[in-house]
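The following pair of complexes shares a single chain, subunit A, combined with subunit B in the former and subunit C in the latter.
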Partner chain A sequence: MATSTVSRVRRQLPTSPWLFAVPGLVVTGVFILYPFVSTVVNAFTDRRTLIPGEFVGLANFRELLHDDMFWIGLRNSALYVLGVVPALVLLPLLLALLVQKNIPGIAFFRSAFYTPVVASIVVVGLIWVWLLDERGLVNSLLETIGVGRVGFLSDQWLLLLSAMAVTVWKGLGYYMIIYLAALAHVPRELHEAAAVDGAGAVRRFLTVTVPALRSTMVLVAALSSVAAFKVFSEVYLIAGPTGGPAGEDTTLVMLVQRTGTGLTGRVGYASAISLVVFVVTVALMLLVLRADRREES
Partner chain B sequence: MPTPSRRTFAVAALAALVLPLSACGSSDDGSGSTDASGKVEGDITFQTWNLRANFKPYFDGLIADFEKKYPGTHVKWIDQPAEGYADKLSADAAGGTLPDVVNVSPDLLAPLVKAGLALDLDKAAAKYRPEYLDGAWTGQQIPGVGGTYAFPWYLNTGPMFYNKGLFKKAGLDPDSPPKTYDELFTDALQMAQKSNGKVATLANVPTVEDFGRYGVELMNKQGTGFAFNDAKGVELLTKYKELYDAKALDPQALTATPESSGKMFLTEAVAMNPGSALDLENFKKQAPNLYKNIGITDQITSTGHVNMYVMGVMVNSRTKHTPAAVAFAHYVTDAQNQMSFAKQVAIFPSTAGSLDDPYFTKEDGTDETRVRIAAAKSLKNAVNYTPVLFSDQMKTALRNEVAKALQGKESPKAALDNAVKACDQLLQQQG
Partner chain C sequence: MSVVEKAPPAPAPAVVHRGPVTDEHGRRIRVWELVLRYVLLLFVLALTVGPFLWQLSTSLKGPTEDIFSSPPSFLPAHPTLHNYARVSDTIPVWDYALNSLKVATANVVTNCVGSALAGYALARLRYRGRRVATLVFILAMLVPAESIIIAQFTTMRELGLNNSLVGVVLPGSVGAMNVLLMRNAFLNLPFEIEEAAFVDGANVWQRFARIALPSVKGTLAVVAIFAFMFSWDDFLWPLIVLSDPSKFTLTIGLNYLHGTFANDERLVAAGTVIAVAPLMVLFACLQRYFFRGVGEGAVKG
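== the complex of A and B ==
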């Protein structure tokens, strides 16, 4: 009976699956596919915010090669991946192991570690700027213990490191939750068997936990590397709209924002930078997945 | 081996993460009429720049009076926050949703004019020209393009605040603050020396307006290229480098924003900061100790002219109700309404003769009046040093090169040469 009803509906409405998908497809088309195609097209034009451009071939990409700010942006985005990804693969795992056991009061710590994830990045950024200011709390403490003031917000490298610290601090809880979910699926028998064989806690972590979580670690590496390469908010808030002294802390996405927005924005050129970000991000993702596949085989 | 579902998941996640990188609108080519002589009627929108929070009753009254004067008109007032105003304008302009009457500064006006979005008032409203100060009217003209594209609205010239207590501690006369850049450099170095580098005099790197007030020619005579890399410009940047090295210019100046430098002044970490009369109230509430020691002086200038900020009200050339939009833009900026707006806040009318009103010339013993009279006096020979064609991208280019010079990564001469080269290139690209 039920089967015949389904087949009748199917006959009458052959397009019904598509109807269900329409809202999602419309949103994807309007907010993702159209802007993407538009970006690709614009990358080959000299379009400005208020002036429709003309086709210029590869001129924007040739200009990129000679644009110091582009190379600075590429360097900083790459450094961000190198600095942030290892920390975000390892630290949340350790944190998840810490809060994995169901002991009284552990829910408080789990919530506490997760709090930065739900906090507004603007609020978080402002708090960190206040802490790291030349006359802020951290520098006051450093001065009290005799280290002296450190220019967290005036030195280009310290600024970048400070922004990385904020990204890691804010992301810990999010990836911790992913690890907690994965840890729940690690068979307890494996740990027990390893323990019977005389393996200590560190050995069990390396030989049981890590292999069992390998695919989760790859997922975290992939997600965090893409997010790190596209970083904007943390650097913008901590290094300021200028992207640090002389723009030395500018990341590629900041450069897209700075170049392509405003009444005189160079939309064509900014689109070309966006396209580079896209290609590098895809490459990064494929690299992580390939490394995973190689290890598996 | 990875399963297809994992691969699919990875590709989907990748697409969701990396695709939404940018979005662009398209312009609407529909054009309105330039004839403003018809009947004043219809619905129009009016956009202001961060004025609702403090002046809602004033604008509500202004709009009600206009609608009463011209039955059949309806004005919808929208206000945008200060931050990101240019982005909002560009989104509206690109999307064809620019309001009929818009509050703009000349540097925001220029790209809108070049895109053909501003109505030429020399054609549509030339009869109103004698009502305004000549300099204010010509201030709404764009080099290389004929015509005038906005009604002059309010003028402003922020005073310079200084901390008398910090001046005193550094052995400087608190009643004789620096007036010229040379005096500023001498005092600032003394301040840094006496405080062992703990108190800076300034919190901001020099901007294009500083170069102007130092007497540097900002553009060539034809207005086709920048020229602030001359000997005078190099001299100014060299002096700032000395200040930076001596910590007379705050070490965080290279990344400072107006908000962050205002905060530094509030916490008495810097001794001087530009501001407006509105700041006095802020000092009184947030830093009573500073308020007791506050000194007010003119902007630092070596040319005898302070910098003047000019606001305008433009009419969208694609408005469907040109007569109503022109009439309203004129109404907002006419002598009577500018005068009543000036009584709400420390701004100055751009209409002819308004600055001679006793309101701008007669002392009443209060700080606010002192600031107002001093500013009105300096406005009479003030200059708008911000080049109309100086875009945000050019500001960034100059700021980055100035930062390189201050850090010693480039000589002041090389830094300014690079800045001029970058700005010229951007100017050419603007067309």
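== the complex of A and C ==
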């Protein structure tokens, strides 16, 4: 009786199922999948915003090889991954351990640590531009304790480092929550057994917590490395739209935005750079996941 | 997935009785450890919330007060709303706020309706091509927005929707991840209730609207909140698609304000406070769903 009802429900093929899915499918098709195909096609043309363009083969990619700005962008985006990912894998984990115990007021601290995640990246960027200013709070504190003022926003490398610090600062709370959810599943018995064996807090962290959270750490590494390679807003706001005075802080996505938009935008060339962004992003994801599997075996 | 919901309840009575503080398993926490924890918590609190308060403090300092002093003065000597008035004299900040509100509201409505419908179709309805439809959303979720943003821009131009708020909303109007979140939520509902409704003669629409949808309100709230936050905070896409200053959203307007009046820190500070305040209020009221969304999103992502 029950099974026949199920199969009757399943067997009916009215038009409405498609009507249900249509809005989502149309939006996804027109604004995600079509632009993706169009990016691939455009990468092999000399299309500009106002000029349809013609097929040029690999010319865009050959130009990339000789474009200093492209290599600067690739270098900065890669450095961003190297700088940001270790910090975002480790610091939020320590933070999660700090807020894990239900001591009085802990809910307040958890929420407070999450506020940078909620704020817009533009707000966060501008707050830090002011904090790191030559005459800003960080420098007046540094001067007060006798270190002296640091030109965070004038040196090419300090600019990039400052942007990384902002990315880490904004991401802490997000990954903290991911770790908190995972920590709730670490069996307490493991900790107790290790404690009985005389392991101290640091040793228990390394031998119990880290192995138990390994897959979560891989997830965080994957999420944060993909996000770091695609960095745009932080650097755009802190180093300026040109990526520093001579553009030496430009990231790949900044280059895409600068090259491909506006009425004179070189859509074809920007699409070639976009494809590089796409390929590296997917490669990063696969790399992290493969590293995970190798460790497992 | 909510951390807040999942965490074991704190032993509140022990706190009230001013007895020793215990952890979630009823064990005593040593005093020195407790002190150390609070010291660290306050340190991180200063690092995470401090910058926002410094921005608020800067925005309340009058034109005669030194904002560059060393050592810094954390509280405004004579708090004033003068800078907020100046922001609205300098840029049409309330129009920008209204534009942001329109975009965010539209984004919430389209995402809730679109992803609930599509999620239901993927989870519950049987039709040819369902697997393909699911695959379409999974593939769309894997494509990084930044890598197709130029083509999205040319697509908008082809549709004549560039430089319009509709153009800002459309690409993210039914997020693939939201569709998959809703699909999972519907899949987790017991099939028997809908089966009973079917026997009682309820059609597809009635089963969706009266039975399935009310049971996934929590996930729908997560979708709504993240849609709002995402579009209120979004920067790159509106920066590319909007060129007419009268159509700017708050984030683009702030970027413009900073670009033009970078040396007027009080002004920029007031602008950022205006942009961030609504979200902070929203977060304070609906924290549960913010945290829950992180858990569900991470599992999916």
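Throughout what follows, the second predicted complex is superposed on the first by the 275 of 297 C-alpha atoms of A that agree within 3 Å, B and C clash if a C-alpha of one lies under 4 Å from a C-alpha of the other, contacts with A are read in each partner's own complex, and residues count from 1 in each chain.
By definition in this document, a contact is a pair of C-beta atoms (placed from the backbone, for glycine too) under 8 Å apart; a residue touches a chain by one contact, two chains touch by 3 or more.
Since the structure is predicted, the reported quantities are computational estimates derived from the model, not experimental observations.
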{"item": "Combined model on subunit A where subunit B meets subunit C, clash or fit", "value": "clash"}
{"item": "First (subunit B), second (subunit C), both or neither touched by A:270", "value": "both"}
{"item": "Partner chain in contact with A:137 - subunit B first, subunit C second, else both or neither", "value": "second"}
{"item": "Subunit A: partner with more touched residues, subunit B or subunit C", "value": "C"}
{"item": "Touched partner set for A:230, first subunit B, second subunit C, both or neither", "value": "both"}
{"item": "Partner chain in contact with A:128 - subunit B first, subunit C second, else both or neither", "value": "second"}
{"item": "First, second, both or neither for A:244, with subunit B first and subunit C second", "value": "first"}
{"item": "Subunit B versus subunit C as contact partner of A:112, first or second or both or neither", "value": "second"}
{"item": "Candidates 151-159, 187-195 or 277-285 of subunit C: the single one with C-alpha clashes against subunit B", "value": "151-159"}
{"item": "Footprint overlap on subunit A, where subunit B in one structure and subunit C in the other make contact", "value": "31-36, 38-39, 42, 47, 49, 133, 135, 223, 226, 230, 241, 253, 256, 260-261, 265, 267, 270-271, 274, 277-278, 281-282"}
{"item": "Residues of subunit B touching subunit A in the complex", "value": "1-2, 6-7, 10, 13-24, 26-27, 86-87, 89-90, 93-94, 108, 111-112, 114-115, 117, 250-252, 254-257, 260, 267, 269, 391-393, 396, 399-401, 403-404, 407, 409, 426, 429-431"}
{"item": "In the complex with subunit A, residue positions of subunit C that touch it", "value": "1, 3-4, 6-11, 15, 21, 23-25, 29, 34, 37-38, 40-41, 44-45, 47-49, 51-52, 54-55, 58, 68-72, 110, 113-115, 117-118, 120-122, 125-130, 133, 136-137, 139-140, 142-144, 146-155, 157, 170-171, 173-174, 176, 179, 191, 194-195, 198-199, 204-205, 208, 229, 232-233, 235-236, 239-240, 250-251, 254-255, 258-259, 265, 268-269, 271-272, 275-276, 279-280, 282-284, 287, 290-291, 294-295, 298, 301"}
{"item": "Sites on subunit A touched by subunit C in the complex", "value": "2, 5-6, 8-14, 16-18, 20-21, 23-25, 27-36, 38-39, 42, 47, 49, 95, 98-99, 101-104, 106-107, 109-116, 118-123, 126-131, 133, 135-137, 139-141, 143-144, 169, 172-174, 177-178, 180-181, 184, 188, 219, 223, 226, 230, 232-233, 237, 241, 253, 256-257, 260-261, 265, 267, 270-271, 274-275, 277-278, 281-282"}
{"item": "List of subunit A residues in touch with subunit B within their complex", "value": "31-36, 38-39, 42, 46-52, 133-135, 151, 153-154, 159, 215, 222-223, 226-227, 230, 239-242, 244-247, 253, 256, 258-267, 270-271, 274, 277-278, 281-282, 285, 289, 292-293, 296-297"}
